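To keep things simple, chains are lettered A, B, C and D as they appear, and every chain counts its residues starting from 1.
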């Protein structure tokens, strides 16, 4: 028989409505604000070298975000997005993966990319849209991607990566790879139809994907309570038949542990998992945004006390794995390297004219060749109007 | 009269529409307290309450679906899609539902009171996903009206007309002009006619057709051409569906030459429909083929945006090509 | 402060994953297969006249469905869809509403329309796409609609009516009406992105809408276990913060009671409710479908024993509100009236040519007038090729 | 060679593709055990297992999103959208994702191995939502290829070519012909070239361009016209993007007259692009305006489908109009 629904076993003769929030989903925490581990808390699998790598990555991202935001204010770049306050979410989770797990980000997960080994020059070339950008200067700043590092190129339309993550993971499963996909998204993006399609398909097709929600309280100006009426995003997981956990998103150790367990489950049982990390975006949504229009400084202040990087540093120091001198030196080193890389990237020229028309198709089709030829001829007639490209025609 | 930029003109239209008719509602992502990411709905929640002006969850298909329901109920919703690049998740609700509501029900139900506003177009360093001009996709959909203003005065009058109109309207706002275009705008309510093109510059040598931000590019090209003695007639199409072919045909019968320009990629852009219709209407008057000066047939690029976009210089080249044909 | 999320209260220090199906949602039942009420079951608000109206409507729908399916097989109509086996779901729920509540259906809810008072001739005119069809012969059979009866015209694209229902209900709320929308859909349709958008928006915007899922085990050939992996559709409700109940969809009294309670809640608290009715489609998906390709006769047989109309009839008779003689007479009456109406509808001509171009816009625009004029001229040149319309030009 | 109808030809292509390459997967609503509502994927699950041929949940945006992910991973998915009328929920995944995947990543990632199949078109009493021809919407999207076969032989060869092609292909199947079109088809695998039009009937008086089911309508019209001494050249465009304008231009330079026909509504249908391009390419050869014989600018009707559709009779009238211009 094909009808395999089970529901008749559990009958009631009174109309009992299941109410929302009947039982809130708990939040998994390991690390207290003062850097002490909760007594009896389950620790992740972590040693000194991993701990230091996580911390270094966090510091690098702080240095990058600060400098780039400043550069945007100076008009040196057109746009930027920081992840300040959310470093534990992407770096802590990414640290639980192996390098052949694919990362699909939303746009605020540069930490995961840095953890994988994206160089400061690679960051800068993308941000400055120069000819060495792996994306060929086609997308706005922060739309990174690296085939080599298994980090899918970021796409601005929200949530489109979720059903893709399910499909990608299903492909991995068919090939018998023991790897998975981690797919990041915000609590705002979780309202899109693609979220629903993705979680349901991943559950039905048993795709090994970790859906990782960064619930940072806002989607641009829209607070979470105008985004959904249930118990966060986690409360949706069981409805899809997906294992789900909520975690303190400012707690590096809890995020790491939850993701380690989630990955083990996803890969071993070849099924999806949902993680909701509760955190807060300390900065503006992007360099185009001004959060004072929709939230108070007091609220932001409250969250500064829960800074995930500071909290993790206290723990590191308590382990004897880090000290203030190292900290100062590291931060200075990153400030310098970011600053130097920026200067290098600014000097690299824009992409060649030819990059306008390649990669639309595998080969440039005839009609586009014709459009290109007439554009080239036009630029040759008016070189002064096209300073970025006129001097470098016929190079492509 | 007051000096307003295009955003202020939009805001003023929304304000007056909400004041005049309790059934007008404004909503979309970040439209409420914050007043929209471009601030087009600034102050409206404060003035008219959060029942009538509000944030929605982040779902374009939901926003338009919800708006369709509101319109069917008799309300007069003005839904915002934050960027035209993000209108595609709502494509089904617009093309299969909005456009066909009245027809399929035998005029028992309709969503004619619906207006969907969305910022579109390039020139703001937006790359692939903050620059698209998707208007042509919708022109293939009977049942929709499609309106694009070129400046603050037009924006206010056309938006008020769109909100009052009893057919569903997609209202594309050229975001490059939001703050860049400034002009005198009446403070009170007024409407401008839909489905009526406007001749914004007269000339007898060649006809230029454009809409939205591209109208000022066409005007600049006409100005440059005029310096070498070529007088172009510039027409702002204003409404793309149902569109005013007669005004263009009349002009082309006079000039004998036509160039259409739009930012969107060339293939199957709305320029194609204009060419197809006008070559039929004006076959015997045309002295050279109708030409299109458009974006390339590629996604919208970032670093080489200037090379990609159809600017005045490219138009002037095409004007010469047309005259030297 | 704008961040109103609550989640930090309930902490755990171990990674506890919430599992799906941890606790199945129970099914509310009142009526046993033999027509007896379960001891202590909560009864709906029902009197003899309502009970008879429900039963009569069910019998009318059976008569209509049987005859129309036969007509389709005879080639008299092109397409048909029966609701056989699911009458309790739509008729039982619709009976809990008032006439100014709006009904938005999927396509298998003709029972609700009949209950509202759609006449047999109105059904037939739609099915035969003649000039008296309220929809002007534009849509396939079973795409009914009636402004007068507050029954929104059916649209084939699945699930599009769900966000619309939320918006419509929100409009009612703003006007201060004490009415609601009921919105029917299948468990298959519940996989579409529009489902997610609709339930979330209705919950956030507090729209008085009853989302009524007919879970009949199949979406065409696709069984429910290939459609979702969670505990049916009901398990998704709490995730949206929506009150939810599961009900035996073949139990007229349970459906009626659940919907009465749901309506009271929706209208009083101005919030959405989700009802999942567990049922079974006894017939084919549509006249184009053959279910033997994907399920067994044995399975169908099992469900025939749970026939909702028979079960309700037994209860009616036990109340002394119905007898066999009445039953025979009623069924004969409906057979006749359907058959007569069909003969009438077949004789009514097709819509006028003018109906091709009206209602696209409020007024026919110039370009469409031109297309119409040239079509008319063409038909006048070739009247023999257009028998439906050639004889009746210039009537519109 | 075997006699096959169009459905059998599609099924044979899928079967051979799955046999030849383990990475080919077929899925969509009801595609698995049942073999699809039209039975195009009949027996495939039985032969290749339910990992490679399966039912999906009912979500077109999910199906195409999932397929994009599979293609990015290196698999070769063939996703089915049950009716082209239901492709719109997937519009965002197709237009913003599929089409731009390679470009936006600088060729680091692509979904070139993706094929999306979908039955389209009228003539089956389907009314508004089982009759649409939405191909033109996609032609405005650089990055996609769009293929439409006219008969069983073409269907098999073009589908195999589409599956093998390293750009994403939308494959529109004229469902009216599924069982109606029967012809000899090789049992083994073969491919036909993409982006290449085919002259299916030669003539020197007028050029007729069509695709899909409309090709046989054009052939019928050519036959009728021939009886009154007018010889039409009939061209099957076959691929709508990137399309073969050269073959048409060559023909028009010979005949001096062009008519394009498609079922979709006229405004911004793909006929518009053909007119726009060809009037430019062949300006000096054209002896009458390019004409379009298309569906009306309305939603697709049911009872008056015959009146709505562009049939041979309407084409013959247009042929005379063109010659008498």
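Definition applied: contacts are C-beta pairs under 8 Å (C-beta built on N, C-alpha and C of every residue); 3 or more make two chains touch, one makes a residue touch a chain.
Since this is a predicted model, take the numbers as computed values, not measurements.
No other pair of chains shares as many C-beta contacts as A-C. With centres defined by CA atoms alone, the chain at the far end from chain B is C.
If you average the Cα atoms of chain C and of chain D, the two centres end up 35 Å apart. We define each chain's centre as the mean of its Cα atoms; on that basis chain A and chain D are separated by 39 Å. One inter-chain figure worth recording: chain A and chain C are separated by 42 Å, centre to centre, where each centre is the mean of the chain's CA atoms.
Chain contacts: chain D has residues 54, 57, 59, 61-62, 85, 88-89, 92, 96, 100, 103-104, 128-129, 142-143, 267, 296-299 touching two or more partner chains.
Contact of a single residue of chain C with at least two other chains is seen at positions 138-139, 143, 155, 157, 191-194, 196-197, 200, 204, 226-228, 294, 360, 367-368. Of all residues in chain B, those touching chain D in their complex are 61, 85, 88-89, 91-92, 95-96, 99-100, 103-104, 128-129, 136-137, 139-143, 241, 264-265, 267-273, 275-277, 279-280, 283, 286, 288-292, 296-299, 325. By the touch rule above, chain C contacts chain D in their complex via residues 78-79, 129-130, 137-140, 143, 155-158, 188-189, 191-194, 219-222, 226-228, 288-289, 293-294, 350-351, 353, 355-357, 360, 367-368, 371-372, 375, 378-379, 381-382, 385-386, 388-389. By the touch criterion given at the top, residues 29-30, 32-35, 37, 54-55, 57-62, 85-86, 88-89, 125-130, 266-267, 296-299, 301-304, 306-308, 311, 313-314, 317 of chain D touch chain C in their complex. Across the complex, chain A meets chain C through its residues 1-22, 24-30, 38-42, 191-197, 200, 203-204, 215, 217-218, 223-232, 234-248, 254, 257-258, 261, 265, 273, 278, 280, 294-296, 298-299. Every residue of chain B that touches chain C in the complex is listed here, in rising order: 25, 51-52, 54, 56-57, 59, 61-62, 64-75, 77, 89, 92-93, 96-97, 100, 102-110, 112, 142-143, 145, 166-167, 195, 242-243, 245.
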